[in-house]
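Shared chain: chain A. Partners: chain B in the first complex, chain C in the second.
Moving on to the complex of A and B:
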């Protein structure tokens, strides 16, 4: 029936889309103005002021140091001494007259004469002497810098270093490196100075290597972000990823706060059935969810944009933050729908925060250390801020799984955004089963849901690779293969269990076989489409290669066509068989499902081991 | 205007509504009565499109109840109307008017008129700070922002003080002048006062429906109160009568029994003093139906 309503005359699909978009914006405005996450505006303002104050104090401390350490050491030094300026310019040192009586009375920690530097034999005296030594070294470096700036680079820094990190031939870092770079960093430019270019021309030497050349490390310290790009011996720092850590921290931490407010708002809709009133209005649940999510998404992107601008990032930084923000929000959305109380929500949000933060934060910390870091979109942010080019395939590999996963989470959560689930006080596992069962109507939909779950399988598998790649191969390989089997079997069967539990199928052996086969086939097709790892070269890692082998890809040109065909179809057989095993368990109840799943995992692990060890050795 | 055909709703192993069939004609006030857990709220929510029926179908104003367009023609008032505590009545109603695509000037005029009629003065006070009766009035006003043809109200006046209850009942009566109204209530006097027709629900099923007179005829019985000057079998002494003018009352269900009482009184040396008939109330009918259903 298409008769117009009392008000509003937009007709057709386009008109309906425009109307729903308008409603989403209206809901977003209402959400933003009527108290974010159940907090009133005054509380929000106070919280914002508090956060800014803390950030300001932190920044001030970081920049200026704490005032408590000013003039803590008293140093006796004459005005005409060459050490006078180094001591005077150091804020922790206080200049005093070089009076031996004062030194004897311990009114001075250090005394400097033309011949000697003496320090009291006390703890403070020794610390003061060390500080004087550092102050002199820093003073000398400043003098050399000034000399170099006057154009006398060679005289100031006669030795120039071109530093490259090469792999050690082990299984950890960049296993496919050719090792030829080992002798290249010989500092051959040292003698041709005078042009001010030393240390900036070598491959990887300026931290601006592109993806095409592998995962280049900034060769001079980890301070490229802050302008130190010199090639002098004193600039060399160990490659601890401090900057990456700080950058990752700056982008991820605010998101954890935003999802608290967002999930509280979702839970608030469920408290006392408040959300029922918007469900009655002629707007779709998707529109309501979009409207409620927009302000928080906007806040996250706004904060990320400001952070990126402050740190010199560009569009890549902001674009890479989008999937992270969406994953945080979608997980918080589902958490807000599942939790029955604020207490339960706290538990759920901690789980969400820890899981998502671990996934995006930990790999990003090692942006400059290992290629596995590209599984996190935050790595793209760090690279962008460090001035490293990011190729489109790498960016897509890094962001698309998370983007799709968040879309699936919103989709499944949207299935719960209806009267019958929104206000029901069911245990969390029951609601998860509800959400998974919502789109299931028959075997075809089971296969479709399996495909939808692939992004989560992929994320979990990449995380497993990221966690296990540091272990010795003899340990990491069996652990990884077991983990992959478990993740995949759960991904293939959990919605099948939901289907049986919610009476979508009759609990017969035939039904189990049919839906199991559908799920296994869906998984096989999706897995082939994804072809994990080949896009960006995770094959550099043993763990990455194992991941590909078990998926039946990455065998190279050496295998015969028959073997290739067999290995291509073998996963189909495996996925169908193991999915049917789990489905048969699911059709008999939850305990039987656990047994069936365990059996499927064992079969799958044995298959993985066979493929990886026997065929690929 | 409203039609429900074999509506059924199952939750896991529980059947909340089973085969409900009824219709409400344009301009009619239809009451749905029944004890707690009878399935009234589930039925109303299926009609409002909030709950999807497991089986059967429902149409409202010509639309399928699951069609979102139907909601433009419907004003639904749930049993609980928790409002957003930090919003004012005006901002709250404007928000919903926007969701119904009501032009701002039309919405403002409509909101003012409705709130005036409901004597709601605290329009700019946060809803968290107004009384329960005020909140209910705001909720009713929300159900009218789209000027609907059909009103479905679930317990519109439950838990309110008598004055507010009366005001709301009068307002609903007024609304029915140009709208179709379906509402549920525990207070059977309200239903008897307002409704043209009634359906009685028990255990998810409609066990009786029709005009109150029809239901009374089908399920209720007329009582005869027979007062005599002497005690006969089954009679009870009427309080407040003195020894010289004692009065005993016997309640019977037909005229033959009245004659039997008269004869018994005369045989005992007394006489028949008075005979009166009493029509059963809806409550009596409801109890009779409930007892019959449980028997």
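Moving on to the complex of A and C:
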């Protein structure tokens, strides 16, 4: 179980470290070549054939596949109608004869006779009519394209557009009366950017990314879309890096396969007590875990490097993928330790795949729209693929929370890598409590675990911000504030519950107060350390600003010292109070814990609302 | 007969005991919630007016500026124009946020009007603004084309006077519903493979064979349990969508289709599990082959998502129903084939 005692002195410790590293490498080699996770030759061969077949079929699908929205709307249109060709050429629309009986029977969504167009008065009918409209629009573009080729360039495209993105600082939502927050006064920089009126076309990117204050995040779409100086109005697209996003996905997909094998291997150690042999060997559990993980991590990074080479990504792409790979692995590791059966493992892994993929993918969708996108390392990949430089603080901001989170997952999972848990078939919640209770000894360690949980709290909060920022502010703000409160309260109390359930503390009011205060203080300290978020211009977003306001960091400059001190201590008071409330609940059992937690969340939400309302106004 | 049911009940019981089925439902709820959030996001980007104060104010300047104002100043749309005499004045208005965007319109020798557009960068609203800018410029282009129509050999077709649709409608039916229908079938196949590999791993499969239960009954029971889950989940989804105002035109056909897909995938999962017997091999090949089968199905005259979309929308005609029948037939054949080979493989150990 434990590593052999060091011979004493620094040399002994260093020697021990080297020996453990050597053991880890030996386990890694064994795992890669013949370990339980190793796939046999027949499987690998079949997989290779399948991959080749998929590539072939994929190419065929790209040419001849039917899109999911093919012919979903039926349009009755006569051959001599000017709308016949536009409808026929649109894949979403199916051409039918204009039969009024069919139209009345709802066998046609839209009917066009000569010049008039009628649609069913249903949602579907309206959607179909709108689709006809955009089909006509696209048809006209193609028609004018042909005209232009025939030499009627001026009449076909009488307007040419040069779109320039200019940073004027702060968030565009600023209309809601928030001048105090972001970078005011850098409007000048924006003006300059637009100035090079003659400037080489396609320089849509000028004038931004250069200003100092507002951390202007360059938006990329424009550059690729307006490569030539004379764009057409219909070429204007909202900034959306579609191709790069799809390519970035290519980095994530293979990881889902690798974690399957990895988690199977971890589970394999546990079923039939196979792992007992490695446990009695003179190596520490950490060494075993490191050794078992190494080959899979290597495989992921190898695949990512090949992907980067194939897609034209650079070292930034590969480096940004590292935290994603580690998060996948650490989550799969915990999953492999928690699952009781193959079926359960499948469910756990699907959950891991869906949530990690959503976490990295959804914010990246908004790469060009809002700075919130940088919370996902995948955004770094998208930018790298688009050929946009990534600054070091931005890179750190998007990768460090995930790195720390995966480290913590490995650490907590490591708490389960012992005989009692490895071979026991306990329900998942019990094992989670085991893992959380493992490092808890006293009040100080409760505070420490709170600090460890902070990265998860951050990840969850950033995800909430990313998901909710699209809603109107009046709706997103209260939702966001209560979501943040819930996440933070759970983060402060779930290990306290574990401590009480595993009898680390006696179930008295006094110990609940002590433990809760420790947890709240730990949270407060860690939260103050994480002010890094402010540096990275999260405050360009109103939602981001709300996150920081509640954390007590976005203080107005006008406040007097006494008010400032009060504002500094208020969050400490809040965190301690709410943590004690949920700790008292936890000390009375699980049902009481849920009640206590609910109470803490309500108090926290009310506090958040008060702070935001008084500070934003 | 009873052996089959007993095996099926055993699998369901173990799922219930582990409460993992709750996880599966949570995953799908998560996906649905996520898609709807994403949906609101995309809608707010592409159809700005539909969400919140979509009006985009554009400052217009340059020598062709008055022409722009004259042509589209009164047009309906998500934009409002303001004339500025000098570029500096327009730029100032842009900097202090009086206007959202600036057009600097200049005439070129060829007669083309070149518009330099300034839009703010890096804000949630910039997408909304870009869409408003596009609408304004398209309106202007349309007006200019009309004026120059004598030079064109073929005239553009008039746009039908119907409102722009909400992108959510087509998205919901062609992406969300097919996704929610496919996921249960995929998961069913995956756990079907697990039910075999975990018995092999624990050595309980041979124990099971010593009992009066036959190999065929074992395969049947496991298939029954896992196939049965998928249509139930799909039906629950359709009911939920319906309760949320997304009417499903032909729920029965969709549930039948899900049952067929689940049977095909469960047959695949069981077939791979008896052949490769370790979880990692079976699952790896399963995911790859699902991709392959799905890709092949996309080459049909209607891809499976397309079939689901048509059934959900009520646009299904003869071909769609023929395909559903075809899937059911393929499912039956696939199941019988796998059952035969699986029985032989299990009995021979």
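Observations on the structure shown:
Note that the second predicted complex is superposed on the first by the 410 of 617 C-alpha atoms of A that agree within 3 Å, B and C clash if a C-alpha of one lies under 4 Å from a C-alpha of the other, contacts with A are read in each partner's own complex, and residues count from 1 in each chain.
Keep this in mind: a contact is a pair of C-beta atoms (placed from the backbone, for glycine too) under 8 Å apart; a residue touches a chain by one contact, two chains touch by 3 or more.
Owing to the predicted nature of the structure, the values given are computational and were not obtained by experimental measurement.
Of the two partner chains placed by the overlay, only chain B lies in contact with A:281; chain C stays clear of it. Applying the stated contact rule after C-alpha superposition, one finds that A:393 touches neither chain B nor chain C. Counting the residues of chain A that each partner touches, chain B and chain C differ, and the larger count belongs to C. When both complexes are overlaid on chain A, the residue A:150 reaches chain C alone and has no touch with chain B. In the superposed pair of complexes, A:362 makes contact with chain C only, with no contact to chain B. In the overlay built on the shared chain, the residue A:124 is in contact with chain C alone; chain B does not reach it. In the overlay built on the shared chain, the residue A:302 is in contact with neither chain B nor chain C. Once the two complexes are overlaid on chain A, the chain A residues touched by chain B in the first and by chain C in the second are 40, 271-272. Within the complex formed with chain A, the chain C residues making contact are 14-15, 18-21, 23-24, 26-27, 30-31, 34, 37-38, 40-41, 44-46, 51-52, 87, 91-92, 94-97, 102, 104, 108, 110-127, 129-131, 133-134, 137-138, 140-141, 144-145, 147-149, 151-154, 156-166, 169-170, 173-175, 178, 187, 190-191, 194-195, 197-198, 201-203, 276, 278-281, 283-285, 287-289, 291-292, 295-296, 298-303, 305-306, 309-310, 313-315. Listed in rising order, the residues of chain A touching chain B in the complex are 1-3, 5-8, 10, 19, 23, 26-27, 30, 34-35, 40, 271-274, 276-284, 418-420. Per the touch definition, chain B reaches chain A in the complex via residues 45, 48, 50-52, 62-64, 67-69, 71-73, 76, 78, 80-84, 86-87, 91, 95-96, 98-103, 106, 142, 146-149.
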